[in-house]
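Letters are used for the chains, namely A, B, C, D and E, taken in the order the chains are written, and counting of residues starts over at 1 for each.
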Amino acid sequence: MVPITTFHYLVVAAALFVLGVIGVLTRRNVVIMLMSIELILNAVNLNLVAFSRMWGRLEGQVFAIFIVVDAAAEAAVGLGILIAFFRNKETINVDEIDLLKW
Amino acid sequence: MAEDVKAPAPPPPPEGEKKPAAAAPVATATSVGATAKAAAPAKPSGPVPVPWTSALVEKYRSQYGSGLEALTYLGQNYLSVDRSMIPDILRLLRDEEQFDYCVDVTAVHYPKREKQFEVLWILYSFPRNERMRVKTQITDGDSIASCVSIWPTANWLEREVYDMFGIQFDGHPDLKRLLLPDGWKGHPLRKDYGILQQDKEWVQINLGIESGQ
Amino acid sequence: MPNFIMSYLGSTVTPGEAGNQFWALIYVLIIFAAVSLAVVAMNWFERKALAHFQIRLGPMRVGPHGLLQPIADALKLALKEDIIPAEADQFVFWIAPVIGLLAAFTVYTVIPFGPSQAVSDMNIGVLFMLGVSSLGVLGIVVAGWASNSHYPLIGALRSSAQMVSYEVAMGLAVVSAVLMTSMKTGTGTLSMIGIVESQQQQGIWFIFKFFPLGLIAFVNFVIAMIAETNRAPFDMAEAESELTAGYHTEYSGLRWSLFMLAEYAAMIAVSSIAVTLWLGGWLRPFPNLLNAPAWDFIFSLFPGLTFGALAAVAVIGVMRMPVHPYFRVQRIGLAVFAALLGFIALFLLVIALAGRSSDATVAARFRDGIDYVYWFVLKVALFMYLFIWCRATWPRYRFDQLMRVGWKVLLPITLVVLILTAIVGVIVS
Amino acid sequence: MNPSLNMALISAFTTTTDPGMAPVATPFFFYLLSGLAVAGGFLVITRRNPVHCALALIVTLIAMAHLYLMLYAPFVAAVQIIVYAGGIMVLFLFVIMLVSIERASKDRRFNRIWPVGLAAACALMALFVSAFVKGRALFPDRMIAIPEGSNTQQVASMLYGEAGRMGQYTFAFEIASLLLLVAILGAVIMTKKKI
Amino acid sequence: MSAAAKDGTKENVNDVSGHALPHAIPSHLHLETPEKPYLDSNELIINMGPQHPATHGVLRVILKLDGEKVLGTECVIGYLHRGVEKIAENRTYAMFNPYVDRMDYVAAVSNGLGYCEAVEKLLNVEAPPRADYIRVILTELNRMASHQLWLGTHALDIGAMTPLFYTFRDREEILKIFEKYCGARLTTHAFRIGGCQYETYAGFEKDVKNFLTFVAPKIDEYEELLTTNRIWLERTKNVGVISGEDCVALGVTGPVLRASGVEWDLRKAQPYSAYSKFDFDIPTGENGDTYDRYLVRMEEMRQSLRIVEQAVNSIPEGPIMAKVPKVIKPPVGEIYHSIEAPKGELGYFIVSDGSTQPYRLRVRPPSLVNLQALDVMVRGLLVADVIAVIGTIDIVLGEVDR
């Protein structure tokens, strides 16, 4: 078998990134859009960790940890907005979220 | 059960108002207790209701006049009042006479009478430690004022009376059947309620078989 | 091949560390079987102990003193009709118990039954354990959702909220134990084996370290772990009298038994963690005070003696059974059981004696291994008893009270303990 | 048996020769895990039911945690499982159960402008592909071994510093904690019915 | 998740567990629903019962919840309705006597006592003193048994399993006495109109005295398990609070009324049977919460022991049956007689037309009337408290539904 190199990891990360972008751009349900954003963040994480391995330095891992923290904050706030929104509009579809003010 | 099939023949009801009880005719007694010594149950006439005199009764009598009768039977007092006076008198009893506890609301069916139903309120006063009953007669189809606003406890009790006798209570917040299912036909504690007929019908509809009763 | 086995039995490192996949696999299988067996035994023990708390006898019919009752139960559950509600989400309904079970069993890969008696010695062992055990909540949430019914849904929401909240207190309590590992060497460790070894080096179980800080952290951890495993008095999720059975209301048969298996496996897992972190893991009592070889020998007799005592109890049971044809099969069964226990006792004693004759031999290593596992299992068993004891004694918390206890009582206490531990540690070193 | 056979057995299961806790059967597990991750990601964006999406995302996250392990980043892997799979995804499931999903699952899956989005994503993919094809040489085929045993300590010393000195990222770490605090407050305030 | 769980759209509201309920949101509840429901996804309607481990039989409570907070309840009862009052009209007075045992089947002796005394009053006979004493002893023992069963199930509802078995162990001793006395344990049919049928068996007094010495420490044992238990206190204090005025207005009687501070017990207020001869206290509570009701009932057990002790020490000799005609034909008239059953005021209203069968017999069941207070008690509490409150009202569905 071909030995696994950084390149392999980058390909996987790119695939996940693109999948995440597709999800964000095409899905209708906001919850799933948020999940797709998590997917994108994870793809970036994978890149960072793979580069950290490539260069033998830990900065990549540290940044990955920061991104995880960021993702947690993003999920909490995003879902909070979502719930507040659902309360008022009873919908979580992006198609119906198209006004600046109700 | 079997002898009740043809007609829901009720026992001979006491005729009219509470008259001295010559009501239990000797004939019935002997026919039922044929094997027993006829002499033993020779107590055809029990105690007689005597007029109940008290300040309360006097007050109401002067206030309402003839539509009110106060009697005592076996030491238990009751007021027999006209249907129209019911809401007023119940409210007065609670507010002025401290009958703060409505023990029970119930009814009795006398199919042979002109006013078929007798509706009763059993009241109790905590401060006075005294019980009394208020009763009124109504005809079938008459409604009567609900006393839920006087005693909240009457809520389910009136629903039960409605359930069992079909008596309507005006002003009841949610008058519907209490114990029987909502789709039930008839009111079981009426004397003319056909138990077997109901049973047969129910079994046939719901189980698709003949009732074995 | 026996030589191969013996060579491994004498090994001083875990299979994971040795890079020996074969033995790692064997270990995984052994642990899987042993945990399943432990769950079965726990099931029997819980029913019996609970029954005796409640002045009843508990199972008595299937096997002598109901010893075969768990097997009968398992058979019944396996053969029961497996009902999936029509409105349920089939796939998720099917996968939910598996998630719980996997999470519960995966934790065991890092649990050290001895210095070399573990599948692997991960250097992030504690984190791994916390993370994997937190995955169990997914199974519960998803099960409640997939059942498509109100009671399971409420049960699932309750238990997810509960587990997430208590995880915080649990994690902080764990961190204070991890802090203690850095006392002598300067660098702490997250490895489970490393934690026990540092207790050995410091010569103190962490429960007594910086008294009473270690004790408080330990008690907090125990409370959090009872809540984390959804056991009484924190069994909100499956509060029988409120939510019928919580998240597994709609489950039946094998799938239900998987949930039970996961629950008990998780109980044993968290107890093992508590033992590892605070009660010195595989260390025998007083390894520093009573460290003469004679003491080693005396303590190495304990496993054999324990099994001997169990055998004696079984023999007494045989003798106390009424002499009646009705009890014949039961008498024979119990006698066989007693004989089995006796043989195990004998075997262990022989090992202990053989290990004495010469140190650093395979027999000695083997004896040590048995000692380690014995002390570890004994401590875990005490926790199991604690679980049952709590269940028999306490009423159930209400949900808001439970959350209040988690956030307003446990969390501040563990935080303060953590900070104090750090301060004391800095001062001491 | 002798140690040599023992070693032979070991080497039968490992492809690397370095001792210790090196990943075993790397290509096999890499393809398995990355396949799982990509499949999970695909399911996330295609499944109709949000709970299924969440489960698929959990599969992706766990697979990626294992990929991190293979990249000698055990601490990141543990954080990934604890924070993502155990925390964030539970939060997601919680929210999915709170908001109506039955109606959502009956509706269309994709939004009105999905062709545009798909086209944009495809363009991005094309960019990636061209970058990888052109820049293949930029990524050297090397893997520098990071000492895994002390990974956590090293990450910690970068974050917190050691021996009284501030670490390289201590300030960033504090900022991140502040960010989390703000996020918690924001989420609580937004979801509270009456403040 | 069914549709009603997630969105409170109006057409889905009635859909409770798949069945279209005619009255899912009771109109009499007057639930304050805001104009625009705010996160109505949280508003669920949950059907507790009729098959639910904690509704003590077949009570069905429809709960309207906001998250876990109870906005309102409606009880659906009648699953155990057997038409006892109708049966009475087709049975003679003596034949109906066993039926009353089936109403409150955990306190069958009390039911029998009330019925027999009501008919006796109607017949104008009085049970002889010895019969009265036997009645008091058995009724008070039965009150203990009922309270013990209540304690066990109530504690089980709150999650404490163990007291259930302790109380059942001790209740067993009472049932043994019943069994020895009249052959039955649960539905005893112990009394007859006019007295008792059976003379006490040899050793009855000794059994009762032994029981008294046996059970007194056991009550302390229950209290040891629960009274100062922190979780028990948290689960019961300030839960299901009802004021004395509300109790009176709702007609609530029995320990629930007394726990709300109203010192009223029919045994003292209008003594029947031989109760005027005994010295006992009426325990009352202050707050009217679940904990006070628990304490009141525990104290009532002790008071019952006191009564039994006095009764068994001073039981007179004499006949046990009054002169009652073989065929019971009360004169025309009507009577209401009530006793203090373990659950509250148990009344019988009997209309006689002079024949051998009651013309109308009405039972005033304490459980039914007390159950009405459930809605008042649980508003604003949590689901778990509903269980505790149902337990603390101490209902028996056989009596509620009759």
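The rule is short, and it goes like this: a residue touches a chain if its C-beta (ideal position, glycine included) is under 8 Å from a C-beta of that chain, and two chains touch if they have at least 3 such contacts.
Keep in mind that this is a model prediction, so the values were computed, not measured.
When every chain is reduced to the mean of its CA atoms, the largest separation from chain C belongs to B.
Inter-chain contacts peak for the pair A-D, counting C-beta pairs in contact. Inter-chain spacing, taken between the CA centroids of chain B and chain D, is 77 Å. With centres taken as mean Cα positions, chain C sits 67 Å from chain B. Chain centres here are Cα averages; for chain D and chain E they lie 60 Å apart. Counting partner chains per residue, chain D has residues 75, 79, 87, 96-100, 151 touching two or more of them. The set of chain C residues touching two or more other chains comprises 145, 153.
For chain D in complex with chain A, the touching residues are 26-28, 30, 34, 37-38, 41-42, 44-45, 50, 53-54, 57, 60-61, 64, 67-68, 70-73, 75-76, 79-80, 83-84, 87-88, 91-92, 95-96, 98-100, 104, 107-114, 116-118, 120-121, 124-125, 128, 132, 136, 139-146, 151, 154-155, 158-159, 168-169, 172-173, 176, 179-180, 182-184, 186-191. Chain E makes touch with chain C in their complex at residues 1-2, 5, 17, 44, 46-47, 52-54, 68, 155-162, 164-166, 169, 225-226, 229, 231-232, 234-235, 382-385, 387.
Looking at the complex, you find that chain C touches chain D at residues 1, 3-4, 7, 16-22, 89, 91-92, 95, 120, 122-124, 127-128, 130-132, 134-135, 137-138, 141-142, 145-146, 153, 156-157, 160-161, 164, 167, 187, 190.
By the touch rule above, chain A contacts chain D in their complex via residues 1-12, 14-29, 31-32, 34-36, 38-39, 42, 45-46, 49-50, 52-56, 58-59, 61-62, 64-66, 68-77, 79-84, 86, 90, 92-95. Only residues 22-23, 26-28, 77-78, 81, 83, 85-86, 89-90, 121-122, 124, 248-252, 262, 264, 269-270, 325-327, 329-336, 338, 345, 347, 349, 351, 353-357, 359-360, 362, 364, 368-369, 372, 401-402 of chain E touch chain B when the two sit together in their complex.
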